[in-house]
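One chain, subunit A, appears in both complexes that follow, with subunit B as partner in the first and subunit C in the second.
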Partner chain A sequence: MSTTPSPVPSTREAVIIGGNRIPFSRAGKKYVRTSNQDMFTAALEGLVARFGLQGERLGEVAGGAVLKHSKNFNLIRESVLGSSLSPATPAYDVQQACATGLEAAIAVTNKIKLGQIESAIAGGTDTVSDAPIVVSDRLRAALLDANHAKTTGAKIKALLPVLSHPKWLAPVSPSTGEPRTHLSMGEHQAITTAKWGITREDQDEVAYSSHQNLARAWESGFFDDLVTPYKGLTRDDNLRPDTSLEKLAKLKPVFGTSLEGAATMTAGNSTPLTDGASTVLFSSREWAEERDLPILAKFVDAETAAVDFVHGHEGLLMAPAAAVPRLLARNGLTLEDIDFFEIHEAFASTVLTTLAAWEDEEYCRTELGLDGAFGKIDRSKLNVNGSSLAAGHPFAATGGRIIATAAKLVAAKAAETGRPARALISVCAAGGLGAVAIVESA
Partner chain B sequence: MADKSAPTDKYTVAVNRGLTKTIAKKLGLPRPAILRRYAPDAPLTVGPVLVVSDDASAADADAIAKALVSWDVDVRRSADGGDDLRWGGVVLVGTAAESPEAVSEAVLALGGTLRKLAGNGRVVVVSRAPEAGDSPTLAATRAGFEGFTRSVGKELRGGATANGVQLTGGAAVDSTSALGALRFFLSAKSAYVDGQVLPVGPSDAQADVDWKQPLAGKVAVVTGAARGIGAAIARTLARDGAKVIVVDVPAAGESLAAVANEIRGTALQLDVTAADAGTKILEATKHLGGIDILVHNAGILRDKLLANMKPAQWDAVIAVNLASQLRINEQLLAAGVDGLRIVSLASTSGIAGNKGQTNYAYSKSGVIGHTAATAPLVAQRGGTANAVAPGFIETEMTRSIPFATREVGRRIIPSLQQGGLPLDVAEAIAFLASPVAVGVNGQVLRVCGQSMLGK
Partner chain C sequence: MTVGRTGAPASYGVSELARLPKLGGLFAKGVAGSVGKRPKDAVRLPEVTYRVVGVDTTAEAAHLAAYLRLVGEPSSDVLPAGFLHVLAFPLATAVMVRGDFPLPLLGLVHLRNVARVLRPVRLGETLEVRAWAQDARAHRRGVQVDLVAEVLVDGDLAYRGVSTYLAKGFTAPDGAASADESPREEWAPPLPTARWKLGGGTGRAYGAVSGDQNPIHTSKLGARAFGFPRAIAHGMYVAARALAEVGPARRGETYEWTVEFFKPVLLPGTVDVSIRNVADVDPTGSAGGSGPASGYVYDGWRSGKNTRHFGGTVRPV
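Presenting the complex of A and B:
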């Protein structure tokens, strides 16, 4: 139970005013041919409308996309220019795989804490339905050579090899596979899942709870001031309120099928490819108070970590397991002080392997440098309003979704109990990366 | 975002233009006029305004003429003028008339000007309401102006209208609200208000009114504002200077956000039937300094003959159109909001009844009922509660009505021979919500082009 607030930071506070996202949609459905810029602009416009920010010059807008066209070199700035914010609002792109949204929040809140800016929006967007299609490296080389050639003859000569190699014309599909291991994220996680002996039943249980919790949150109106409908979609369309453990148990495993032992990861307990965008409004306390805007929570502190997955020493998505103990220690907190655990469900087993690692004395001693097991969390505090398995996971948009949800949860809990409430946010990412943060009632 | 409110219908445009105009004229088809609507820098009226009165009301007529002069109107006290003269408006003042015989000269003087009333001209009759204790003769003299005004409305053509300002409770003709109502009826803002007699009570004189930004500094909440009439109301209140919070159900959030961003307002995704909707509205206005104006516009239709009506169809309409307003009003009254101006959307269906709309008519008639009962409650804190009853308004909703029914609604029933625009409803609401209308309380103002159905 949290009874005392975190130690007073040496810098000023960065507060969370609110968030807005568009409903998340499974790839190839509602947002087909909708660009990242369209979606992020829509999410921004909803946020501007919610807080009356038209014409406002904010300190900055930061965000990004994981799957990004090269033409979107200024994706976030272009979105700002297409929004109702003042065109004098600076912006920049951030990219840290699935941690993009959270990393953007860390960046802008640090600037707020330092007094460099008063207000900011952080967020992210991703689309698999409008992903870049890339030409083969050989075709690209031929095209570049032709472009650099000075005479028509030289141009033709540069392109000639393409004619004799029609296979070069085949496009390269977008991939989120790891460049160094050539394994997909699912295959990586399957190795970690097997290593920790996470059962199929436990994974399905996490998936089932995610759908149940998200459905209940939608029903109760929790998202009324967090989501603005887009293109006729009013709810996350990956949500299956009627799914059951029986239905989940019938799905065939899709990852880890070539490993020893039974494969356990299915389409039901792994996140689907998803399109969507999210935003969160941050500011200094003074900026919010001057405008009488609601202050939901404080963005207290954050930590990023990375693990060596390339040589097989650690699982690809295990970095948060290392980041959280460091973050809590720095803030003088333990797992007991956390009221809400928002652990991104890249896969149900990502959540479960992280929790298992924290409960393992040996692991915590050797890998995390702790004296013993980090601890066991109360599962009733885990992803209480659902997470990525139910909502879907548009990579860079997930951080914003979680921050806004966490901020609203701690605000409601503090109002109800009269005591400070805290949420721990944890997002794993490709490249063996992880970002985690503490959000506390204001 | 482009203004999505419906334009003047195609027929009306056609009979006012080129060859189709000539054909319509030859065939004797109805030829509705293109109605003049408000533009910030346009003159108040389309031409000079004549003020006539009976002898006893001459002093009141002088006071009105003086106000008109202060509004830069070309005011005349005599009907003399060249053949080319076309009146922008004629104001008949009968406030102090004491017998039916005494009004004849002024009334006939008005009659003599009607052939020279310009297109989109205005007739406004300023009279006093019969009061308890009036002698039968005085009561007859005063009451007569009501039927008179409505009849004049039916005789006018070319988009001209006739409306009445009916003073109550000893209100002075040059009190703020009396002049405010007169100005509204003379202006293009009342384009689709015709044949209406609006009771206006006493109000303190107000020194300087900013007629271009009458709602400057006010905070307004408009429900059902994602589209149609609600969006037009939000735009109009914002045009008049108000900070607007637009409310609609979460599912309508995308267009709601677009409206909010267009008018530099705030979007609140809220189902008005929620138990705490009033509290949520109060919370949302906090950062703007509290609520001044509440427009209950959210409404739904679930048409069905009563014999076939399912409980869900009846209950949904009552919940959204009526019960939500009652609950929100209660929560705002309990919070003790000073000077709160409430305007609710009623409907001519609520007055006249409409086949297949028993649920809707009950809800809209109920709105008229609670408005009258709420008026004295909000008046204690300097507020008002009024209703606006639209007739046939060109919206996405009415565009879905079958052709024949739609044409009857548009052409045959209203004196103005056309449907109104969402803007017309919005103008009436903006007027009732404005500081100058503080003397108008508990009233129902119809915006129906004088489609005189029902009582």
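Presenting the complex of A and C:
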């Protein structure tokens, strides 16, 4: 941990041209019976239209979904085939829980930097409304046995136990519970929240700011060239411009209610289950210039991390706390060099525990291998145009939403000040994972 | 704890059995025999070791797979300590249902279990299994006794498990030591690291793989007969899940696995569990005392309450 980071190798740049997503919608609302492929294709087509990519053979398209049916084994390739991109555009699926979208971006930008491809789209999609339902393990075992049986008699014999166990027929809904701990993500974060002593008021404040900031961004037209309306939805329908700290304070805690001490995490300061899809267009500088496409920003560098959460050494969603110091050190940067912090709001307290960790000397020394506290960030630079608490969080689509927002923010800031501007992106994910990246004005 | 010693006390005779007995028949005998076993004189244990040689584990493949799946162990051809306990349990039970075993099988309370795997036992190996009862000693509520089971491979001790049971109302023999009963310290649950939702069928499912179909685990009526409102989970099931949770990679090939049982887990029920590396529980090692120097400590309690169900350790040996 304390080894000196190797310098970033010199490669050519990967630039961000722009992004497109569909409005995010709370589960069970506008996008009921809309598949991951439907939504990703829609987001992709919007991007194609925005940048005139019809018939274009791109280097590749990478993305994924967290809740994915096994029949969607080539989800992204199938979406490409349903788009007006050239069918000669290769594609592949990525899955890293909530970091899927950002990890897809890391993968394609690395290929661009190495000169393996000139252009790429990265993104993600997720639906809770159209999530796959699976059969119980026992029914599955019986069906597989029957399938493998050679004779009709053997097939019937394999299925007989099902008749006497009608409960086996009950379908199993997907869950966001951690496979090893059987705790939901919210329960895990409630434990981390309790450990760090994060207050209800601070969490509600983060949620309130998220709604205020996202509402202002929508009003100011910030998302006009980032979002394409879909299925009658023109804005993220989780957004509550009229919410207040008083309203948020009235909500009942939903996570951590069995822990000692008052529970603090509510439906208001936790992200709702959401449907949606997002895409971002990347390329080499030359490719964009040849086509006269705008260059918003550079995708500078990225880092992933993981923490040992299974036995409670670290909180489930704390990996970005470890990833960011490593990323900044490698790039010779400090927190002061960052103009925008885009920290994914899985829960308001995820943001707050991450910030608290960076301010804690002891933690930074023992867990991060630093000489002292990593530092304090200026809250006025945090999620300035809202984040997942207000926009919603269709797991794999969140990375694309954030990258496009960050690219536009740094481009505008650089244009305004005449100086380079930087954004730091941080996304936590199930499995104790985290992915972080630096985006800099081009 | 007598884990370090191997073999039965020198005064014990050996009784050879042709094969491992079946639990079903033993339970029937145990239930019938329990009636006549009442607290009279001081408890005297039968000085006999039951021994079965040539136990072929090849036939256990499907049984092992079912066990591993149920307790959450990864698929493997290595028999975890919990499975060795299950394998040897009928032989220990055979000792307990002997006419001269003074304590009634029904109503014995499993207080704790200490098991050590000293070399891995693999599917296909031929085993020698031994079991005997020893160390009847006073407990404030009666007498407690150790049932010891050993598994040998090629003459080498591979596993030794000591199950401590309490028989309420019975009297320890003269000169017997008192059980080590340090007063229970105040206990407050730590932050959980996991949550187990145990369904109503948990006891039946573990009963099916362990053979322990004791009605207090498998039916509400059976549990009521012993004063529990609902069926209770097998202690060795929750302990085996904790062992599986630590997992083969972290516990190593040879390890010690302990569990102490407090209040039983009523089924269905939700148990909050904390399974932590010793380094995280006591980072400075300053607590000293009884804690293991490395490995994992675990606790289970009723979700949202201070009702402690079980606690134990898993540490490499």
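Operating definition for what follows: the second predicted complex is superposed on the first by the 433 of 442 C-alpha atoms of A that agree within 3 Å, B and C clash if a C-alpha of one lies under 4 Å from a C-alpha of the other, contacts with A are read in each partner's own complex, and residues count from 1 in each chain.
As a working rule, contacts are C-beta pairs under 8 Å (C-beta built on N, C-alpha and C of every residue); 3 or more make two chains touch, one makes a residue touch a chain.
What you are looking at is a predicted structure, and each value in this text was computed from that prediction instead of being measured.
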Clash-or-fit label for the pair subunit B, subunit C on subunit A: fit
Cα-centre angle that subunit B and subunit C span when viewed from subunit A, reported as a multiple of 10 degrees: 150
Touching partner for A:86 - first (subunit B), second (subunit C), both, neither: neither
Touched partner set for A:11, first subunit B, second subunit C, both or neither: neither
Touching partner for A:312 - first (subunit B), second (subunit C), both, neither: second
Which superposed partner A:417 touches (first subunit B, second subunit C, both, neither): neither
First, second, both or neither for A:244, with subunit B first and subunit C second: neither
Which superposed partner A:199 touches (first subunit B, second subunit C, both, neither): neither
Subunit B versus subunit C as contact partner of A:116, first or second or both or neither: neither
In the superposition, subunit B vs subunit C on subunit A residues touched: B
CA minimum distance (subunit B, subunit C), superposed complexes, angstrom: 45
Those residues of subunit A which subunit B touches in one complex and subunit C touches in the other: none
Contact footprint of subunit B on subunit A as seen in their complex: 42, 45-46, 48-52, 54-55, 84, 221, 223-225, 227-231, 234, 291-294
Partner subunit C, residues of subunit A touching it in the complex: 180-183, 187, 191, 194-195, 257-260, 310-313
Residues of subunit C that touch subunit A when the two form their complex: 188-189, 191-197, 245, 272, 274-277, 280, 296, 303-304
Complex contacts: residues of subunit B adjacent to subunit A: 243, 250-254, 256-258, 260-261, 264-271, 274, 286-289
